[in-house]
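The first chain written gets the first letter, and so on, giving A, B, C and D; residue counts start at 1 in each chain.
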Amino acid sequence: MSTELELPMFTNTSEEDLGGRWGMVIDQDICTGCQACVAACAMENNIPYVGEKDAAYGRSLHWIRIERFWQDAFPEVKMTPYQPMLCQQCHKAPCEPVCPVFASVHSASEDINLQVYNRCVGTRYCSNNCPYQARTFNWRDYTDTRRQPELTTLQNQLNPDVTVRRRGVMEKCTFCIQRIRHSEDAAKADNRPVEDGETLPACAQACPADAIVFGRIDDPESRVSQAARSARGYHQLEELGTLPRVTYLKGETDGHRG
Amino acid sequence: MAIAARPMLPAKAHAQEHEDPREHLMHDPRPRGEMNAMVLESMHTAGWRFYAAAGVLTLLVLTCFFYAWGYMIANGLGVAGVNRPVFWGIFLVNTVFWIGISHAGTFISAILRVMKVEGRRPFTRAAELMTTFGLVQAGASIFMHMGRVWLGYLLFPFPNERGLWPNFHSPLMWDFLAINTYLLCSTMYLFLPLIPDIAMVRDHATGWRKIPYRILSLGFRGTEGEWKNLQTAMNIFAFAIIPVMFSVHTIVSWDFAMAMRPGWSSSVFGPYFVIGALHSGMAAVAIVLFMIRSTMKHMKYFIRAEHFNLMGKLMLIVSMAWAYFYFNDYLVMWYGGDKWEKILQEFTEKGPLGYLWFAMLIFNIAVPWLILWNRKWRSTPWLLASVGLIINIGMWLERYIIIPVGLTINRMPFTWRLYVPAIEVFLTIGTISLFLLLYMLASRLIPIIPVWEVQEGQAAHMLRKVGKAEVSTVSEIE
Amino acid sequence: MSEPISRRDFLKLASAGAATTAVLTGCGPASRYVTREPYTKMPEYTYNGQSTFYATTCRECSAGCGLVVRTMQGRAIKVEGNKNNPVNLGKTCARGQVTLQGLYNPDRIQNPGKHTRGANSWSSGQGSGFQEITWIDAINEVSNALSTNEPDEIAFLLGMAPDHLFDLVSELTTAIGAPAPIRFGALGMFEARKTLMQAASRMFGTRGLPSFDIGEAGVVFSFGANFLETWFSPVAQTREFAKFRQRNPAGRGHLVQFEARMSQTGSKADEWIAIRPGSEAQVVLAIGRLVAESRGLPLPPAFANADVEAAAAAADVPSGTLVHLAGVFAQAARALAIPGGAALAQSTGLEAAEAVLALNALVGNLGKAGGVFMAPLAPIADAYHAPASGREMMEFIGKLNSGKIKALFIHGTNPVFELPRALGFMEALAQVPQVISFSSFPDETALQADYVFPDHHGLESWGYQQVATGANAAVLSGSQPVVAPFYNTQSTADVLLAAAHLPRGRAGGQLSQALSYSDELAYIQSKLGSLLADGSGFFSAPEIDTFTAYFQQHGGWWTMDDRRVAPPTADVLNRTFEAAPAALDGDGEFHFVPFVSPILAEAGANKPWLQEVPDPTTTVMWNTWIEINPETAERLGIQDQDVVRVVSPMGSAEATVYKYPAIRPDTIAMPFGQGHTVYGQFAEKRGANPTDLLGTRLNAAGDLTFGSMKIRIEKTGRTRELARLEGALGVYGFDAK
Amino acid sequence: MIKKILEAFGQPLGRIGLMIAMLTVLSAAVWGIAQTQRAPEQPIDFPHRLHVGLGIQCLFCHPGALRGPSPGIPTQTKCWGCHQQIAVRGTELPKLAKFVENDQAIPWVPVAQVPDFVHFVHRPHVAAGLNCETCHGDLSKMTVYENPQLMNMGWCLKCHRQHAQDDSELLTKLTDCSTCHY
């Protein structure tokens, strides 16, 4: 099939397309762990709540979670800087090659990892292979009003630009691709380029500390590119060579003393 | 060898060791008609025990297999114990386990056939049946594991208007294809040697029962030409299926070895899984032989201590090989000193599930090594069978430790959680019952003993006097 | 999938045909059978599939953040921040984000009705304690209550936010000569807001709220002020904090937090000093003294009585630490000290607050960048009206108990849940013959009402809100409906006005003259009128209608210039304090630190997604936990998942233990926000309420000393799993549950 | 008994019976699929033919197509805007009148509808110069709208590929999963 070649497939990267397209910078020094991003993400992306029992069993569907650990014991105890963890949109994503049905594919045009819900058969291989554990799975029909009548009113707020997932489907952060598409379309309508900061994922838009910066990393002048050049910058699990598109700025737990 | 053994053991014990070659099946021939009659009788004698057992199993299959699975499909995988980070649970444990079971069949019937190990003759079919039915369970387990099994057809490469194909980069895809191939091959390989026996049954069957046998026996009449072709076909398959068998479990291991996870991405997984498969497979054969022998008529004639002895030896060797591979991998992991793999090892040993690890080592290594070294013990059917059972539990635990326990540890410590099986337990029982049920039915529908092979062997064997001792010799049949 | 599927269509869906295709194409439910219902009369500016954005104000707390709500086909889809509003500059907190789940909450009260006290049923039906009535009758009831009772027999209890309803009711009460409305909110109680204000007025001689310029400060000492969570204006302060850390002229800011239990704010601190509850005042004074010394200043009378050793002993921290900290504070170019919440909720709370202000005066940052200011007074506000303090509430309760109050109107607050049970508000309600609640949700206070006349949800209603603090400008944040009301609800302001206009009784006559506004909108316009002349706003208009239109379009009106005022610095340091340890209640072994859940706050528990948003420090979801230091737990033989009972002389509460590494071993902490007995399916009978344990002690400013309780802890022998986002295995080791 | 059955299948008649059985099953499936593709019944049998015949532009009633994703289904205000001028005759207009006087929304059932996991935006397609007929067929020949063809992914891709021609960059963009699925 000649069409086979035109499909977005897992391909080895040649060095020139390592530039990437969309990127994010998260400053852990000013992230206050306030969870605004978590809530905003859920509201924007029609993420269902799973209830206490499933949440307790590690089935909550947060696309972004805020991690923190402890160092030492009382009274020297310190909390490690809050670390928002979301899909890193790796350029060489471990989740992509392992999906048997191309449900987890690389977007050749946007250079992010996609999850094609209607293609997903739920082998959960991608989530196993994701070193960031950034993928969540619909263990039940959390959006079925026949099972949960209380949803009938709550579902009035469902975002029509985002697919509502049913049971057995893998899902993850999309960098709010629907917003990217919308701004691209708007820009095209009055033919101009998409401006820096015009597209913001829900998390970056909500973040009160403005700790999350989003934009085009192939544009050296964009705010995100400049932030990414900070000396405090690093990538999660860089040693794996997944080329993540999210740059973290180290939080300085011990500030200058006096 | 016999001479060497004499001073070691008292004569009495010595006498019970089937040293006398006349006690070997091959040297204890019976007339064809009689032997056929025995096999046929074993087929259509089904007492109340048989029906009771079949009934219970059917009930279990209906509830624990079909109903439980249906319930899971309707309500999603939430009814199972899987969570984040343990996205893979017992379903894949079962898959690997059943594929392992299925390996013995091919090994015994193909490799031993190729190597002309005469002892194999009476129970090749018993083993091949295991292969086929085991694979059925493996396949079912894979589909149970899928979140949207109703879209399973997307795994098949079929031309469609979307121009989309399955992802041949995915080890899961290879796995899927490999298992299908293996199922196909092993079924055909089960069928070929079956033809003469089916023909035999056809000749004795009466009434409507004759029809299916007539169809299945493909009009085999036993002319020389037919035998020749059959032999050729079987030889070709025997050789061809061996690489398939090795590749299948290697590919299964790649599901893990290719993944980017601490403890999984290991180059030794391929051969290690193959050996592991044989380990559980052999053990399973031992169990099955025991059950056949003790439940079906006339089987004490066909399946004798010598065969258990043979199986025992095989199990011992395989167990040792398995131990070698396991500790090889373990040593490499430990010496490599990767941060995450160290943590994983610590977790498997000292973590809340550490007892599983110790149990596995005891079941897979200690028990067989302690019992199987002794010919007398390993020749004792019930003992060998129980060792087989223990080994199977051990191997199941081994897969459990690789999958759910291994998945608990990943590179994001914030997500580490334990896994508590839920409906998987019932579905596991379901697959086991289905396997047993299929096997029971098969044992009454087709000759569980390849009569012609036994007869062939008996015809080929004779005792020759060498000095005082009588030595068993076998001559090629052209 | 998003819209409900009608029965007929569902049958179709289930038909063999659809099923086959669904399977064959992998298309899930065939959504073409889902009927979309367009507006009957589509407003000309809306198109299908096109979003319309409305600017309004967040009502989740009284900070007054501006929102822009995305709506589609008459439905609110997403809440976003209003970029122009100076309070939040386009940002929101988690609670603001989840506002929509309040709007679409399945448990909203949908009709006005007569309600039998204590009956948890909110729609008509035989045997149900709720009898739906028409709005006409409802208005009659209100009018009766206003006219038949003597003026001083009428009382209004309103929410914490100084909004248009408060102004309207104030006018109403003055018109009929009834006592002025009382505003109450748990957040105000846990902030000890009155204490801070009183300290400011006593030190500076000016009324109003002080505001602290965190963003420009070099070193910030926060004495119990959880300014990143619920204190005053969290979103604004979080923005300031980010500036303080990374975009700071004075270099990366250094935060030191003094508190017994590490709050979310404390977790961001560079140094977290776990001082013993009750020792705050002493510590502040000691640091003041040390700062004066290390700066080589003459020791001001304010810190003369400070005893460093005693303070260190009382606080249970090495005196060396205090010396070191004083050094940090003294040497900093721009040092700032903030008094807040827990530190002021002690018998010595007022002294502590004053001492902190004195400390600021000592380093001379009053009215300077990175220092202390007085928050600008909101436009059209005559003064900043603080919510009621504990004392005022106790007096109010006394009045209710005395039976003087014949009719009580409650709107926007839930004192039965929020006030300490020991104050007996619920029992007091029983003494009131007629309680009318305007609550949108079946909360504990509405449960004790005779009538429930549900107000619109915040996103369905008009209004404005005077912003108390958070912005440098003077801000009046505007609200407008972003969706048509979903249920048969009515704006409380309209109900009151309608009632006032009914020509009946003595009150009626006066009222209809006094409150001559045709409706809520007219009232708001009349208030906005005074701003027309004011040219200092970022927009102005020739006449009121245009002005109102702009007001709604931009989500409010605010000045362009910085309206903060520098407090007078005169003789601030000449007052003297005696450094006495705080008085404690109860004889328990442990100090009790109740804190407001940063996620749920006082009214978030009925929103499922807020329940599922993990607590920042413990990552617990969906329930209440009790924080114990691991050592203490070890000593008491308490494991993870054990359910324990904390007991104070006033009451007890049960919840699952969380072994919290960052809390004093002699302290037990518990979040406030759960433990509702009613309040909808998501909140009902979930968790426990720490206010059940609190006492009635007041500090000098009349605020409740919720930090003064000493409690006992008992095992119950039961265990209950706590829903945590974190995997305990990874965070606390393999032997953790 | 069983023997008889088995033998029966051997007979030509039995064979034919078997065939028929198979055919019925097959046709049932086909019928099912056809069912889902047939236009559902509408609250009002709206005669597109008539209105198009009167020269009313598609975009007059479906203006959304110019601006964004969905062209929109006209509300009763839109219909009544003209029809209050026109005598209420025939079988359908009374229905409309009824909706208007009860002030109910007309529960139109969308026909040209893609599943929810497909995000189709009309604007770029209109901007690319496609006529409504290209996808929706000639409305001047229909009363109640029916899809002229299966609107499935193959159909979309075919057109996208044609449009891209040999512009590889455009092709990647137009065949990218994220163009429609998110």
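Assume contacts are C-beta pairs under 8 Å (C-beta built on N, C-alpha and C of every residue); 3 or more make two chains touch, one makes a residue touch a chain.
Not measured: the values here are computed from a predicted model.
Asker: Comparing A-C against B-C, which pair counts more contacting C-beta pairs?
Answerer: Higher contact count goes to A-C.
Asker: Taking all protein C-alpha atoms shown, work out their mean, then name the chain whose own C-alpha mean is nearest to it.
Answerer: Located nearest the centre of all protein C-alpha atoms is chain A.
Asker: At what distance in angstrom does the C-alpha mean of chain C lie from that of chain B?
Answerer: Centres of chain B and chain C (C-alpha means) sit 66 Å apart.
Asker: If you average the CA atoms of chain A and of chain C, how many Å lie between those two points?
Answerer: Result: the chain centres lie 31 Å from each other.
Asker: For chain A and chain D, let me know how many angstrom lie between their CA-based centres, rounded off.
Answerer: Chain centres of chain A and chain D, defined by C-alpha means, are spaced 35 Å apart.
Asker: At what distance in angstrom does the C-alpha mean of chain B lie from that of chain A?
Answerer: Each chain's C-alpha centroid was found; their separation is 44 Å.
Asker: Residue numbers in chain C touching 2 or more other chains?
Answerer: 1-2, 26-28, 49, 726-727, 731
Asker: Which residues of chain B are in contact with two or more other chains?
Answerer: Residues 85, 151, 154, 163, 412-415, 417 of chain B each touch two or more of the other chains.
Asker: Can you tell me which residues of chain A touch two or more of the remaining chains?
Answerer: 3, 6-7, 58, 65, 67-69, 118-119, 164, in rising order.
Asker: Would you pull the chain A residues touching chain B in the complex into a rising list?
Answerer: 1, 3-4, 6-7, 9-10, 54, 57-59, 65, 67-69, 85, 94, 97-102, 119-125, 127-129, 131-133, 136-141, 167-170, 237, 240
Asker: Contact residues on chain A for chain D in the complex?
Answerer: Interface residues on chain A, with respect to chain D: 3, 6-8, 105, 107-110, 112, 114, 116-119, 161-164, 174, 177-178, 181, 185, 188-189.
Asker: So in the complex, which bits of chain D are touching chain B?
Answerer: On the chain D side, the touching residues are 2-3, 6-7, 152-155, 157.
Asker: For the complex, which residues does chain A have touching chain C?
Answerer: Interface residues on chain A, with respect to chain C: 27, 29-30, 32-36, 38-40, 42-44, 46, 49-53, 55-56, 58, 60, 62, 65-70, 73-75, 77-79, 82, 118-119, 143, 145, 149-150, 152-160, 164, 166, 202, 205-211, 252-258.
Asker: For the complex, give me every residue of chain B touching chain C.
Answerer: Interface residues on chain B, with respect to chain C: 85, 150-151, 154, 346-347, 350-352, 408, 412-418.
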